[in-house]
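There are two complexes below, and they share chain A, which is joined by chain B in the first and by chain C in the second.
== the complex of A and B ==
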């Protein structure tokens, strides 16, 4: 049964190979690729149900690759947090690959589109599952290799420029990451996350001095923030998101961004939180790496919300607006993470739940919006808000799906976004209640400003593109029925998450518990107590 | 240049193969063997030109009109790459089917083999062969396409 832990990785890599093997028959390749996406989603569902959520599931499971015992081999761990992120990846991935098949030009699909797509999925899956810090680096690279090609996919001057910028930035990021991981290895003597958590919690027993860990983790924080597109590392986001094929952008915004957030949560809450190190950052003193994370991440999150919101208001294309909006929304995800780092006990738990629910909502809603933007550009040939108008009369179904997306982004009940926003504000107010001061107040006010900006730019795209008189580009345009089917399905998921929120909430709670319960994580990887500590 | 290539290429290839075979328990392996093999090919390309392998070694006609992507060597390299990837995944799955875990490896030592006396056969070699083919296929595809421009 523990094979189920590695099964999503195997399915994704099999997807890469299969897509290569049938590349001579384009029709077969498209069918295979979509089918592999479905099999992947099914595998993830089975693994999550049998190992984490089901009535007689163990709650978490580890898999030692090649049978080498931890901490010597590479360990894959499927716990609540990984499971939550994998489910998000599976839903968005399936929607995105199905949409690709009917959206991307046939000839372009033949240029390694499908192998690369599954390669992207493979990197994401590995990053969510791995329990080894160096292996995390490897999966990041797998993910990046595929995204480099996708950003440069259409091969124009604009695409090449964006790809070069993206490449240089991420190569620098990878170098920093390697440096950070190497440093952590030198300090703790292990790369296995569970082993590292165990050693840091009791440094005297393993004879290590944990003091450098905070600085080294800061290097990794920079890299993860770069992946997540947080201010001040957000500048690659708009160019990359507007040049990649739009279904892939849905994947980049919906899933690979969350890998950065996931890595921050996993590293700080699961691995480093147990270390007792005196820290003094920005005038806030504390005794664990989390007290370093809290002020830094809060500042980044607040800046992202403001920059993303303002940027989105001033864009003139749909995907430009949503690219900046992604920057802002990731701010909404990391602010509760920062609050979780600043607080303890129940508030930490609720704050992480808020971050996870918001991440889920953003993945679903934003991929729905990027795919809608793809459908709009496919039908009308343009994505400039100014040139599109009156689409609601032309295709009420497309308008409906888009409307669900933006309403969820704004946060109206009963959609997924309502609970995301609700929890984030709830947590922010509770933080102010437990620790009154200017910092929680400033965070709350910026969340409020971000929410208002969201209303402004979503309203702008909605009234611009869907209301009013039909523009020349819209007249006579036909929206592809199969694309609509994918959009409607995704919109239905957004509604379903909001309406049937209770199980989702319990899943997020399981995930948040898994992130903070270091003991359980170590227990899963070293069932016999490890001995070799 | 051609003289150097004539001497160096066989040496490089032998070294590559020896590195490949000792890879599972000594420094070496599929990746480094593959890179070395690629350098041998590149040396041939630099000295004799892109069509030499087809026209000079395999004695086939080369149609100069087609683009580099349809060049017969490049097609072959791409197939090598895919074959290698298949072997890698297949060898990982084989460990699983034979009752171990994904990517599990095993080895047998054969005794009384003529000349060598003892030969160690490791299943890791299959995985390494896959890596080798991926590296050779991938690198040569890139190099010949970029080289042709």
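== the complex of A and C ==
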């Protein structure tokens, strides 16, 4: 059954190849591409059910590529955390590819749109599944290569300029990632994450000195923060998100951003948490790499919330607003991760659950909003809030889907966003209760400010675009029915996650447990407990 | 040896960073090429050279020959992968810079319009 671990990767590769093979027949290519998206979602669902969530499931499984046993070959691991992220990727990916087929101009789809889209999905899938640090770098590159081309896709002055900046920035990030990985290899003598976790937990047994690990992990943290678009590495986000085709932006904001967050959680909580290394950050002493992560990530998260919120309020287009909003919302995801790093036991567990639930909510709601913005621009020809008005009367269905998206972003029950916000505030208050001080208080206040800013900019887009009299751009505009169908389906998912929250919560709990239970992870990769210790 | 390698890596990073901060787009592309190569040299250096044993090169054991000093093969495999990736990225960067030059009418990055 362990072949199911590799199945999503195989389906994504098949998607790339098939889309190339049928590229001479545009209609067939569009159908194939959407069908592969559906097969991908089905494969992920099967793998997750059979291996992680189902009644007979082992809870986690590893696949050794080429049959080379770990740590010599490359290992793919599907555990609770990977499963959770893969499900998010599958839902957003399917919505995004279906929407692409009916949204992107036919001629533009004929170029390399579909192979590239599946390439992006492939990179994301590999990054979520791999159990090998260098392999993670390779999947990052696969993902980035596709997104460079997507940012430059329309080929205008704006697009190429944004793509060049995006590329240069990420190449520097990749070089830093190689430095971090090479350093970790030199220190621990392995690239396999499970093996590295095992060696770091007991450095004396394998004769290594783990002291440089904290500094090297900081290099990787920079790279992952760059991918996640956290302040101070957020400056590429607005340009890239507003120039890529909007369905791809939904994918970039919904899924590839989360790869950065996932990598932070995986690296620090699964691999490095066991290392006992004295750390001293700004006079706060600790004894593991997590004590370094907590203050740094909390500061980044708080700054992202403030910068993203203020930026979103001041934008004059829908996608510009949501691009800055993505920066702020990722702040809401990493603040609980920082709280998890700062605390132990049960609070660490629920803080990670909060981060995962918020990540799920943000992926769904933000891709819904980017796709709605695409539908608005397709119908009216503009995305400036000033030029659009009275859409609610013109298309109540579009208005309804958009409304669900922004209400979820604000955090109203019974939508997915309510539980996200609720848990984030809950762990923030619990953190203050266990460790009263100015830091938890400042974090709590900035969360509150971020939530208020969210209300401001979502209200602004809503009243600006959907209420009031119809502007000239809106008069006579027709919203495509097939686009509406995708939006309604995605909005239904947002509502369903909120209404039927119990199974989602248990899934997130499984994922959080998988992230922190280092022993289980090592056990899955080294089933006989042996190997070269 | 390690001092020389450290100096080379440091020098390459310095040159790469300097080029990266230029306003001329072609220099920037040179910069990313140099920086990735610097990272590759660093990766090779991380492997180190190990004392010769038959454990390290099992294929020589049956032949009874002397084992020479052995470099770590893992990092070389990594660098090979990284070189191929940087090859592709640099090619894309060059193509993209030409298109960006055509579209923006300037090779000076600072003269391009700002993004909103």
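Observations
One rule holds in what follows: the second predicted complex is superposed on the first by the 532 of 533 C-alpha atoms of A that agree within 3 Å, B and C clash if a C-alpha of one lies under 4 Å from a C-alpha of the other, contacts with A are read in each partner's own complex, and residues count from 1 in each chain.
Everything that follows uses one rule, which is that a residue touches a chain if its C-beta (ideal position, glycine included) is under 8 Å from a C-beta of that chain, and two chains touch if they have at least 3 such contacts.
Small disclaimer: the values here were computed from a predicted structure and weren't measured.
With the two structures aligned on chain A, chain B fits next to chain C without clashing. In the superposed model, A:145 makes contact with chain C only, not with chain B. In the superposition on chain A, A:108 makes contact with neither chain B nor chain C. Applying the stated contact rule after C-alpha superposition, one finds that A:46 touches neither chain B nor chain C.
Vertex at the C-alpha centre of chain A, arms toward the centres of chain B and chain C: the angle is 40 degrees, rounded to a multiple of 10.
Of the two partner chains placed by superposition, only chain B is touched by A:21; chain C is not. Among chain B and chain C, the chain that touches a larger number of residues in chain A is C.
When the two structures are aligned on the shared chain, A:382 is found in touch with neither chain B nor chain C.
Put simply, the nearest alpha carbons of chain B and chain C end up 7 Å apart when the two models share chain A. Counting contacts as defined above, no chain A residue meets chain B in one complex and chain C in the other.
If you check the complex, the residues on chain C that touch chain A are 20, 25, 28, 31-32, 35-36, 38-40, 42-43, 46-48, 74-75, 78, 81-82, 85-86, 88-89, 92-93, 96-97, 99-100, 103-104, 109, 112-113, 115-116. Listing the residues of chain A that touch chain B in their complex gives 3, 6, 10, 13-14, 16-17, 20-21, 63-67. Residues of chain A that touch chain C in their complex: 134, 137-138, 141, 145, 148-149, 152, 155-165, 167-168, 171-172, 174-176, 178-179, 181-183, 185-186, 191, 238-239, 242-243, 315, 317, 320.
Interface residues of chain B, counted against chain A in their complex, comprise 81-82, 85-86, 89, 92-93, 95-96, 100-105.
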